[in-house]
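Here come two complexes built around chain A, the first alongside chain B, the second alongside chain C.
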Partner chain A sequence: MSYAQPHPRFSVLSSSSLASAEHLSTASSTRFSLSSAPSINTATGAPAKSPAQRPSIYDRPLNKARAAEVSASAFAFLFSEVVQYTQKRVSGINDLERRLNTLGYRVGTRVLELMTWRNEASSKAPKREIRFLPALMSIHTQLWRAVFGRPADAIEKSVENADECASALLQRAQPMILPADPAPDMIIDNDPPITRHISVPRDMSQLSCSSFTAGVVEAVLDGLGFPARVTAHNTPTDQYPARTTILIKLEKSVLDREEALKM
Partner chain B sequence: MSHHLFLLSPSDTPLYNLTHYSSKPAQPTSTSPLASNLPSWSTSAFAGTLTALSGATSATQAHHVQGGTVRIGGGQDRHVIQMIANASLDVIEEVVRKESIMYLKSVDKFNEWTVSAFVTPGNMKFVLLHEARNDDGIKTFFNEVWELYVKTMLNPFHTAHTPIRSPVFDARVRASAKKYL
Partner chain C sequence: MAIWGLWVINKAGGLVYQRNFGADGLPHLTSNEYLVLAGTLHGIHAITSRLSPTGASSGAQTISGETFKLTILLTATGTKFVLLTSLAEPTADSVLQKVYEAYADAVMKNPFHTPEMPIRNEGFDARINALLGS
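Up next, the complex of A and B:
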């Protein structure tokens, strides 16, 4: 076969099951909806058929089925296995975050197409996002709603006089940040559902399992034509100990293009 | 009358292509003067390519002179079709940055061929070469192909660079081509 196989270590993780577990219903934030993902035989599907007549993936509707939801506990279990599996095979925190990011990326490419299809396919003239700010807004609301069942808590642009927290964060993320570099954008989630049941040991305190989410965001931005480096960081506050910041650092070509389009 | 569909990945790798011959009647044809004047050596291996490409000059001349449509025998040549589709990618690339609509109708023209395209949010490009105007039909066709593509993509064994070989996908695309083109 001529196509690139995923790394054998990753092959256990069917990204379909991840992807499907990620498509959350808007109905409730604690239940994770299962899309009509091909590899999953939902018990609540059509009347029982013999395996030979299993309908092809092209026969299944792409629309969200309310009945096909999977519980948050099931997803939490799956994600914990993902983290454990990955952790056994890496040499450090950075490596672990990168692997989680890669897994999220695979989910993100699918979420982007599916989410847009669900929103736009019925409209007369389906549209894509071509400007960065609307794209960021749609990630904040639509993507978060599709994946986590509710919009993210805030979008921030770290400015020069940003609060200490953000600048400390920048120091860590970009040790050699140039003064001319434009400030990265940040998406903030006060209590990310995927890490709700994860308690990171003290000696790994830098680790943020939301790297997975960062991967999803990176894939979406990439797909829309805004290549960026996306990372996740813990930024706890007294009120929200699990507060997480997704840091988006756009490539220079994107910034140049945005500048040109402004005129 | 024929239609040619190409599905191209974000890195412009062709993942799927389809040639569809419509039952609808073709437009009246006229032979291009240049094509008929081709020297005898054009019966060589490159004859088809030459004939098809020679249409380029004659077509532009014809448009200037009489504004009529010119069709030439080599229009079906595989290489030329692929070249036209690939050449149109430049135009598409330029347009997708400015247009937020996914369906780009008639982005490019070459001889008798009009190129329409559809760009998905994930930057997959569907390119269709067609001869007659049929905006609504093509739009519906593209929408169906998009749905089929999203279903393909949800398959964990499909990556952005996997050629699409599913016979069901092929049958579905053919069916909707028959219906709308």
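Up next, the complex of A and C:
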């Protein structure tokens, strides 16, 4: 793999959406500086300090907030605004999903770093997953637990299970998959917390706001050295109307490496 | 004891949500008649909130007739939830609080809802069904 140019995801302004994202460029330098922003997490019990005296988010101990929880309501409102903001600046559902994916990617790079730091820093023999299946398992449990507070509901290797719903989904979602391609992997969440309050109107039924989660997964896989294309799809069942499938299609270089490591 | 209907009125007096419950409930009115009723109620409510002899008031909370009553919940943002029930219905207030909660969750947190516009939202419908039946 050659990394001739920086990964396009590291810039919010991915090439094809430059036209609709021009407005960002002027303000981006201030928009993403967090250090001066007043902290949301006011310490309870501590004597009241003015925002200027409080240590910035970068100076606070990383482990202190390990078990801290974020208000699901506050996040739901934030995410709703994120979707509305994004929706005003895109031309279609695919574009919207791609932009949400990009936002999730920015979260994912940080989540991976923090998760690894928290889980492995204290261990005597810190490790990093180098095979795909253990990496997928750690996404299913560790990542989901770090981000959503509980493991995801299932991992599936699609087509081979001859799950009708899955293969129909694949044909619809990824028409570019050639028959010779190996089956993509899927992570399934029966009730994704970030889209719990979102009802997608009928004329946009293809849209899955879990594209944000897909972006997080994509960043984590990328960071672990498994470049992949990750997308999110609605796969409702009678029991779980909000069931969502995160579809992972690994790059060929990864598959070749996995094959070589098998020996 | 029965719950017959639910209206949600936005802060401008427009009817943004209306549902009837039960087969033998309210007589069917046209959507135009419902809009007029909601607008009128909005006006009456505005007047009643200025009638209080002891300063500010939140306005009418129940309006009852011989066979039914309207229970009104006014929120801090001016949205009104109106429940049409039988006279003896004891749970009207708590049901309205739960409807408000469902509205906050399924409508206000939904990025595809435009504030002050009619509520067309499967999630909210489902929550109301779970609460009041269809």
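We adopt the following convention: the second predicted complex is superposed on the first by the 198 of 263 C-alpha atoms of A that agree within 3 Å, B and C clash if a C-alpha of one lies under 4 Å from a C-alpha of the other, contacts with A are read in each partner's own complex, and residues count from 1 in each chain.
Assume contacts are C-beta pairs under 8 Å (C-beta built on N, C-alpha and C of every residue); 3 or more make two chains touch, one makes a residue touch a chain.
These numbers were taken from a predicted model, which means no experiment stands behind them.
In the superposed model, A:73 lies in contact with chain C only, and not with chain B. Once the two complexes are laid over each other on the shared chain, residue contacts for A:98 go to neither chain B nor chain C. When the shared chain is aligned, chain B comes close enough to touch A:223, but chain C does not.
When the two complexes are overlaid on their common chain A, residue A:116 makes contact with chain B while staying clear of chain C. By the document's definition of touching, neither partner reaches A:150: not chain B, not chain C. Once the two complexes are overlaid on the shared chain, A:249 sits clear of chain B and of chain C alike. By the touch criterion stated above, A:84 is placed in contact with chain C alone, chain B being left untouched. Comparing chain B with chain C, more residues of chain A are touched by B.
Of all residues in chain A, only 73, 76-77, 79-84, 87, 197-201, 204, 209 touch chain C in the complex they form. Chain contact summary for the complex, chain C toward chain A: residues 105-106, 108-112, 120-124. If you check the complex, the residues on chain A that touch chain B are 2-4, 6, 14-17, 19-20, 35-39, 56-58, 60, 62, 109-110, 112-114, 116-117, 120-121, 125-130, 223-225, 257, 261. In the complex of the two chains, the chain B residues touching chain A come out as 10, 96-103, 119-123, 143, 146-156, 159-163, 166, 168-169, 172.
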